[in-house]
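Mind looking over this structure? Questions follow.
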Amino acid sequence: MLATQGLQAFYGDAQALFGIDFTLAPGEVVAVIGANGAGKSTFLKCLTGLVKAPRDAVRFRGEGIGGLPPGEIVRRGVGMVPEGRRLFPSLSVEENLLVGASARRPGPWNLRRIYQLFPVLQEKRRNPGTALSGGQQQMVAIGRALMANPEVLLCDELSLGLAPIVIQEIYRALPRLTQEGMTVVIVEQDVQTAQRVSQRLYCFQEGRVSLAAASTQVTREQVSRAYFGV
Amino acid sequence: MLDLFVQAAMLGGLYTLFALGQSLMFGVMRLTNTAHGDFIVLAAFGAVAGLMLVGASGAATVGVALALLPVAFVFGWGLQRFVLNGTLGRDPLPSLVVTFGLAIVIQNLLLQLFSADPRSIETGGFNTRSLALPGGVAVGALPLLVLGVALAATAALQWLFSATALGRSFRAVSDDREVAELMGVHAGKVYALATGIAFVLVAIAGVLQAMRTTVSPSDGPLLLLFAFEAVIIGGMGSFWGTLAGAMLLGLAQQVGFRLDPGWGIWAGHLVFLAVLVFRPQGLFPKTRG
Amino acid sequence: MSAVPIPGEPWAAASAGVTVQRGTRANQLALAAGILLLLVAATLPLWGESSWMREFVEIACYFVFAMMWNLLAGYGGMVSIGQQAFFGLGGYAMLALGNFAGMNPFVAVPLGALAAALVALPVSWVAFRLQGGYFAIGTWVIAEVFRLGIANIPAVGGGSGTTLTALRGIGKSTRESVTYWMALACVVACIAGVYLFLRSKQGLALQAIRDNEVAAESQGIAVRRMKLAVYAVAALGAGLAGALYFVGNLRISPDAAFSVNWTAFAIFMVVIGGIGRIEGPIVGALIFWALNKFFSDWGTWYLMGLGLLAIVVTLFFKKGLWGYAQERWGWSLFPTQRRLVG
Amino acid sequence: ADVVKIGYVSPQTGPLAPFGEADKWVIEQMKAALKDGIAIGGKKYEVQVLLKDSQSSPNRAGEVANDLILKEKVALVLTAGTPETANPVSDACELNEVPCISSVVPWQPWFFGRKGDPAKGFNWTYHVFWGLEDVIANFTNGWKSVSTNKKVGGLFPNDGDGNAWGDKELGFPKPLSQMGFTLTDPGRFQNGTQDFSAQIAKFKSEGVEIVTGVVIPPDAKTFLTQARQQGFRPKVVTLGKALLFPGAIEALGDLGDGLTTEVWWSPSHPFSSSLTKQSARQLADAYEAGTKKQWTQPIGFAHALFEIAGNALSRSKSLKNTDVRDAIAATNLQTVVGPVKWGGQGPFRNVSKTPLVLGQWVKGGKHKYDLVIVNNEAFKQIPAGGQLKPI
Amino acid sequence: MPLLALHDVRKAYGALQVTDGISLSVEEGETLGILGPNGAGKTTLFNLVSGDVRADSGRVEYAGRDVTALPPHQRCRAGMARSYQVPQPFGAMTVFENLVTAACFGGRQPERAAWETAHDVLRETGLLPHANRPAGALTLLNRKRLELARALATRPRLLLLDEIAGGLTEHEAQELVAELRRIKARGVTMVWIEHVVHALLSLSDRLFVIDFGRKLAEGEPQAVIADPQVRRVYMGVEA
């Protein structure tokens, strides 16, 4: 449903991605792992239009979406939880969530369901986003992305800075999302977690895919080789 | 005494109108628009030019003023879309320089087109009409109109920006443009829309100013400072705050004028600085947490 | 904080002889050329025309003022639209010392600058409560407070201003040469001072503050004191420019001395040349001078052109013309960075 | 041929621009009149006039004056239009030892505003205009001709003119009280004030029936409008500066009717140009025909400055600064603004006074408002066109 | 005498009591791990110690002195260094210059010595290849690394680390722990907030758990982790 072919990306003159081939089937959870600086975030940014890509290098349901403005891509159904949370500091928690719904896509997610998922947010719904702890901010960021009712949800470093109990809760929520037909891509540093929650796994290394396999089948050695090169 | 407060409220109403557009652009968009006063003057000259074309009369004034509003909206929209959007960011400098440049361009363009002669808009005697209050106090009909418009505009803006989706997306864009776009908000359009609205207010302020007194091409900077002071005294992001700030500024100036006309504006500045020192966030900042 | 000993031992340096590159060949050549130019310039009163000297003095005032604004905004991160406050104060202090205290106006120039710097200290107390756009407008209002204040003092002519009479006894050519040399000295001192300051440890602190105040504070930098120092130095420079300007111009009035145009022109110069680099105001001042010389007779059209130029440069050359050249060709006459080699 | 350069500085742009509005036209006319050049010390010189804009800023005025002197090396400088332009230009000339003739500033703000010493006078700068004593005489002459309670409200801004007019010693206060008028002066205000209710409240409580002062046009409009709104209706409003120009009166709408102001030059002045031989009326007509605008008072003075300059240059022994200066000092000329002659003691060594009368704006025929001379007691040769009528 | 001691420190934001009377002490050379759910007030505690935020009441003592009223830069110069959870680099300066600044001011070294310190720290933290890049162009993780490096460049006596292991791969986390161990071996006292529990466990001498701004548990790491209360509010069932 979402695929890239030979995707290259640049920051000015510096090339960050060198021909990424990637596919995503409806309802799956795919993990992207890799050392830092490997290009994982850049890859997600290409999928959502934050980094420019050639039109046909990124295809969503058969249509080329590379380089479209991010807003257009969300409206077509690709949502993202950006790296580093990035809440709107002058908006309250609730307003942050509501802005997530700007794309006006119909679907099951609304304020009530987000508050069910993360009850602490309901308590703090009138607080500005910046007055939350790191973990609470992450919850808002996820909720905000869900509010758009995306078909594909891209999560960059979901578990960063979260208490273990929250991480468990979030990853427990994943299957629920996929059952409702959502497709999820996660970028995750913790390989074990990544393997556990995903069906397939891509490993990036210096802007290239060094490993693509079913999560249950990869071995430790394979992973560490893919991480650091042979 | 009563006269003092009545006149302060009238002056405050005028400053509110000067300030609302600024409050919108400065307080919410973080755009330091140093050409604000000049845009007010430009709008006034727009009306003057319009009246030169159709001929002056009471009806013509109303017609031209109404026709000016959509023009101002489109002008603001385009200005933001094609010029000011390129200056936004954490750094206040680019917007400052560009608007400074615009101020100079506007002042000199008007000077070139209209010369330095002061102009005004004919109101068919409306500007000198007044209502007598008990106690020998007379209230001008025009200032009363200004005050009324100011109150209405404040209420409308406050509602628009705190209670509607438009206002929300607007603030979101000003916080983090990239992420807002990621959420499907079109930043460029949102800003342009806001500036368009701000320019409608600017046009209203300009027309009323030209009715009330004269305008000349070099008037802008003075109007700008009053507008800024009202915005900052009031506190960011709250339009009622702006109104209150304008009223306080009007009162401070009135008291100052009565002590000695030379120190009236100075007194206003001092109140402004005092507010900065003791309440840097302004008197009525939007409550946050 | 001597009560708490610093542990020296655990952190003994493991490497010795780290090489850090601080200059380039080009900048050494430029330095040599600059010194040569300075020597020629210093003898100008002996062979040049008095109009050249006058022109130089004028542009020197603009330049010194712009340079100081660059220090304040480009390096200190304090974008002020109120530096005319210190320009005017410098001018008025010089005038008061000359007219009322009977001091030689040339001696009064540096003292006027000093007075401006002294006033900056209490002013900073108000100004530093503000940031970003607030600071910009707040400083403007402060300048207006000074303007209105001075305009209400009859002793210095109130709103209509007054004339520097102290110069009436000094011969024309002495006055011209001394003014010129003073201006030249100010320009050189200004460039050298700012350059050396930025290359020093303190320059590092200043850049850190510009980038991130909170982090700078937590890295041991006394942020407030540093900002205050920069603010005072910028005021000193602005005051110097003001005093110098009115020695050359003789007539002072609050509207002229505290005109926001001073800061506007400084901003234009700095932005056109390139903010946050020493070459910026130099290039900007040269461009400004040239435009003024050739086009100022066009009146309104000239000013409109100036405004448009500033807009275009800001929109399309965000780092100014010199910044553009620097990125494109790597030019740098006054390098301040530290590059780790090897 | 050799060229003699004459510099001219006036506000072409900025809030004071109406004062310089006529200069371009006058200079064009002068170019034609002087196209044959001037003989100086037996040698023919082509005349070149360099017009510089002070942009209404004293700073800029000083700068361009210095340019004219140092770069263009002009033989003499002419300047006109409020202390904001004339004073810095005169100062620059005095310091650079270049002769200068200035006008359109009452002589007190010009002389005392520059910190002149009455015992010494100035060496290089000469002035031709009237003084505050004349404006006071004219204003009071007018006021005495209508019946009022003799209570006067003063509007004196904090600028070169306002400070001089309101000065306790040199300005209005002293003579007014001597003549039995009571003056209410609320204090100096900033130009560009948005609100005059403080002054109006004060005038009302003092029962003022006459308003006077010297304000810039926008402030006049603000004041008059607010006075009407707040129910303050003085019988006579006589303002300097604000009411000089037809454009400003038109901007006042109906409020402009019946306002009074000083008249320093008008088409009915019984003088004619020594240079073009035009009468005042002919000069004004030529202006109106040439520019399609109503005549204004500075036309006469701009014209006269050139008359004086041309006359002095032709009498000068050489182009040396001192010679030109001496020739100016020795001027004795009938100009389109009246006789010009310097000499005498103190300031009058540098000041030549011209006549002044009082005028009132009345609804007109050809133009929206016409300026009619309503009191000529101070200078009877100028015919009056009517009587001062209370508003 | 403890190097750092907090006595009944309190801080509220509006009605929310974020730090609700915390007392703790850290001995010289010790490594204290701090755990707690998101929003428990850990970062706030650091802010109070480093001086970025003033306590409403209570006392902070450092090296036997009351530093409650001292501004942050003086605390840093006295040997207290911190990293920020949300990295705060000097974005327009190079990585090397970032460190030189820290060494010059926090470390009170003359410029030349600071170059050497900076160079050493760069090598130690693996940032050497990025030395001449503007700090603003680093990836998030490298920025976090820079946070640590910059703190180290001040040659601290007390190091306050706020979530520096988050987002690291297992291998990278191991390297980090090894590095911190080397630093610890030099006698540097550390307080470390971390959600990557196994990394924290491998280094800490003692754990301190905060919940709702109060102390929930304190003591020997394994024992604290095994505490049922801690498991309930923090670890969840699986850990």
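Per-chain residue numbering starts at 1, and chain names A, B, C, D and E are given in the order in which the chains are listed.
One rule holds for everything that comes next: a residue touches a chain if its C-beta (ideal position, glycine included) is under 8 Å from a C-beta of that chain, and two chains touch if they have at least 3 such contacts.
The shown structure was predicted, so the numbers you read here are calculated from the model rather than taken from an experiment.
Asks: Taking a step as a move to a touching chain, how many steps at least join chain B to chain C?
Replies: Each step joins two touching chains, and the minimum needed here is 1.
Asks: Would you kindly say which chain has the C-alpha centre located farthest from the C-alpha centre of chain C?
Replies: Between chain C and every other chain, the largest centroid distance is to A.
Asks: For chain A and chain C, what's the span in angstrom between their mean Cα positions?
Replies: That pair's centroid distance is 49 Å.
Asks: Report, in whole Å, the distance between the mean C-alpha point of chain B and the mean C-alpha point of chain D.
Replies: Centre-to-centre distance between chain B and chain D: 37 Å.
Asks: At what distance in angstrom does the C-alpha mean of chain D lie from that of chain A?
Replies: Centre-to-centre distance between chain A and chain D: 76 Å.
Asks: Where in chain D do residues touch two or more of the other chains?
Replies: 13, 158, 188, 190
Asks: What residues in chain E touch two or more of the other chains?
Replies: 13 - these are the residues of chain E that touch more than one other chain.
Asks: Give me the residue numbers in chain C that touch at least two other chains, ranges are fine.
Replies: If we look for residues of chain C contacting two or more partner chains, we find 148, 151-152, 300.
Asks: Quick one: in the complex, what on chain B touches chain A?
Replies: Touch residues, chain B against chain A: 165, 168-169, 171-172, 174-176, 178-186, 237, 286, 288-289.
Asks: For the complex, which residues does chain C have touching chain B?
Replies: 73, 79, 81, 125-126, 129-130, 132-134, 136-138, 140-142, 144-145, 148-149, 151-152, 260, 264, 267-268, 271, 275, 300-301, 303-304, 306-311, 314-315, 318
Asks: For chain D, which residues count as touching chain C in their complex?
Replies: 12-13, 52-53, 55, 57-59, 62-63, 66-67, 70-71, 83-84, 87-88, 91-92, 95-97, 109, 113-115, 157-164, 188, 190-191
Asks: Per the contact definition, I'd like the list of chain A residues that touch chain E in the complex.
Replies: Residues of chain A touching chain E: 33, 35-37, 41, 83-84, 120, 131-136, 138, 157, 160-166, 168-169, 189-191, 224, 227-228.
Asks: Which residues of chain B touch chain D in their complex?
Replies: 3-4, 7, 10-11, 14, 108, 111, 115-120, 122-123, 125, 127-130, 132, 138-143, 212-216, 218-219, 222, 226, 253-254, 257-258, 260-262, 264-265
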